[in-house]
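In what comes next, chain A is part of two complexes: it sits with chain B in the first one and with chain C in the second one.
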Partner chain A sequence: MKHIILFKTTRDAIRAQRLCKRNDISCKVIPVPRDISSECGMALEIHNSDLDRITEIVIKNGISHDIYNK
Partner chain B sequence: MSDYIDKQGGTYGRSAYPRVFEASANVESLREKLASFLGTKNSSQIFFTFNATVGLNTLLFGMDLHDCHILTSPLEHNATMRPLSKLAKEKNITFDYLPHGSDGKIDASKIDSVLKSSTRLIIINHQSNINGVIQPVQKIKAASGRIPVLLDLAQSAGHCDIELDNWDIDFAAFTGHKGLLGPTGTGGIYIKDPDKIEPLIYGGTGSNSDSFEMPSFIPDKYEAGTPNVAGLTGLLGALENRPVPLHTHEDFIELLDNISSIPQLTIFKAKNSNNQGPVFSINHCDYSCSEMAQILYDKYMIETRSGLHCAPLAHKTLGTFPSGTVRFALSVYHAKDDFDYLLSALRSL
Partner chain C sequence: MKTVDAKGQACPKPLIMTKKALSEISPGEQLSIIIDNVTSCENVIRFLSDNGMKPESTQQGDVFTITVKKKDQTLVQPDAASYCTAPPKNHIIVFSKNKMGQGSDELGEILVQALINIIDEVTPLPSHLVFYNGGIFLTCADSPLVETLKTLEKKGVTILVCGTCANHFEKMEEIAVGTVSNMYTILETMTEAGHIIQL
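== the complex of A and B ==
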């Protein structure tokens, strides 16, 4: 299973992507899916196995986010 | 920057394809870099505007200032004075100038004498664009108690050490196209507490798109509309490739001392060389400032700016209003040979 992480701002999406890269966590930048949000920006798609690590990292860095199952 | 214009392109946010991600990531890298450059750990509290003037307007009109008193330095630019004048007319605001010496340097020890119970803001032009005086910000802040300080960094950023956190500065505005060596159309503001400032510009942010209301979260609250991504990419390039100055402060002070000794000229500079930034002005006993600027360019290809430099208050303080001065603004690319050339040109006038 995969998850989609949504952020409030472009800045937060970019910070989160950089944190994933720095921690060797695979993620894909995708358009925010229309069925879960009206935003027109970017979201991150991640593997289920990385969810806990990513969640811990973004919380530690004060990045506001929402997680959805794909 | 040329790569961005010729090959990359892409806006900030609004989509997710790689060119947009890269362009957006560069803008965020710049935000981090600027924070470090301006001495703050709070990169999230830096917001991009198109120059310092838009930044100062955002701050002054976003503060909900009314029925109060404001203090400014005696060397302010019209980027501050015109918004203040509008606020004075429409919002019952009065303002006074901070106590200062003849070169406009603020005397922090006398600030008590001008503070009022209604004083809500102190505005300081960190470095004058006329005579280069650098204001003692730390002392002014210490003498001002809890009154918020707004720092105009238009002239000083890139030339002076700036420590927004250590100096406990509340608001600041900067431009990218002067000492930071970036392109025109770039700049920004720093806000210690973003809850205190309403946005100046309203519009699309790529976030909360289902709402007519501006987002309350940052940076989107202050960054409606597509930013100048090409310019911001150029500013990032400039900050990542800072040149080594080709002259020392001592070389510059020696130049000023030599110019001071030319009998036909009056020089406008800081009294104390420790407070001197890389800008100064002169006047000639026989030529107007515009005539002098024309001669310097026609005979020596020396580029200067004559007149009032959008800073009538500063010229009033220095006694050069309304005639103005010829202003010289040096860059890190000027070497001692250039100083010798300038000195020889001025001696021949």
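== the complex of A and C ==
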């Protein structure tokens, strides 16, 4: 299963992606899926197994986010 | 052998006559169709091919004769008249840089990733993705898009990477997906494409 992380701003999405890269966690940049929001935005798709680590990292860096199951 | 004489008939008539004749013969039996305009001839051939048959055509002056052996009793693509319109042509996406749009480079980088990551969610798939100049960085081993691009390749999308560009950036060894190609193939691909999406 995969999870999708949503952010308040695209800048936050960019920051979160960089943090993933720095911590060697694979993530996929995708547009926010249509069934979640019709607004244009960027999200990260991650593997289920990485969810805890990523959540910890983004919280530590003060990035507010929402998590959706895919 | 049954013969359909569709001379003087415009589309969709030759298609409808062919379909009717097919319904009147048994699998394995031969059918020949005589047509005097190239468009109808191509459409009938496409209709027969899509239904799993192997039509052969000969031309004498302006007259084409298609011969074909009937395959099955029922047609996979029974809507003969729909073959009147030309098939949709392929589209390709050309990446001339490793970003999408202008204004902010960091934004452009994630936009292009998001776009490539959803290519397989939009149908039809492009026939080719072409990468040149700074676009080749998207195909290098350290690109986050390598796996996605490999998946697209498996689904039949041809990925062309400009060899001159890879050399110029000294990245030849790092190209991790696609076929390193040259200007002839890239120009031919763009020339033959029905539609080009240029990024």
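Everything that follows uses one rule, which is that the second predicted complex is superposed on the first by the 70 of 70 C-alpha atoms of A that agree within 3 Å, B and C clash if a C-alpha of one lies under 4 Å from a C-alpha of the other, contacts with A are read in each partner's own complex, and residues count from 1 in each chain.
What we mean here is this: contacts are C-beta pairs under 8 Å (C-beta built on N, C-alpha and C of every residue); 3 or more make two chains touch, one makes a residue touch a chain.
Predicted, not measured: the structure shown is a model, and the values here were computed from it.
Residue contacts after overlaying the shared chain place A:Glu39 against chain B, while chain C stays out of touching range.
After overlaying the two complexes on the shared chain, residue contacts for A:Lys8 are found with chain B alone; chain C is out of touch. For chain A, the partner touching the most residues, choosing from chain B and chain C, is B. Of the two partner chains, both chain B and chain C are touched by A:Pro31.
Residues 10, 13-14, 17, 29-31, 42 of chain A touch chain B in one complex and chain C in the other. Within the complex formed with chain C, the chain A residues making contact are 10, 13-14, 17, 21, 26-31, 42, 45. The part of chain A that touches chain B in the complex is made up of residues 8-11, 13-15, 17-18, 29-32, 38-43, 64. Against chain A, in their complex, chain C makes its touches with residues 106-107, 110-111, 113-114, 117-118, 144, 148.
Chain B contributes residues 12-16, 18, 20-21, 24-25, 28, 31, 44, 206-210, 215, 217-220 to its touches with chain A in the complex.
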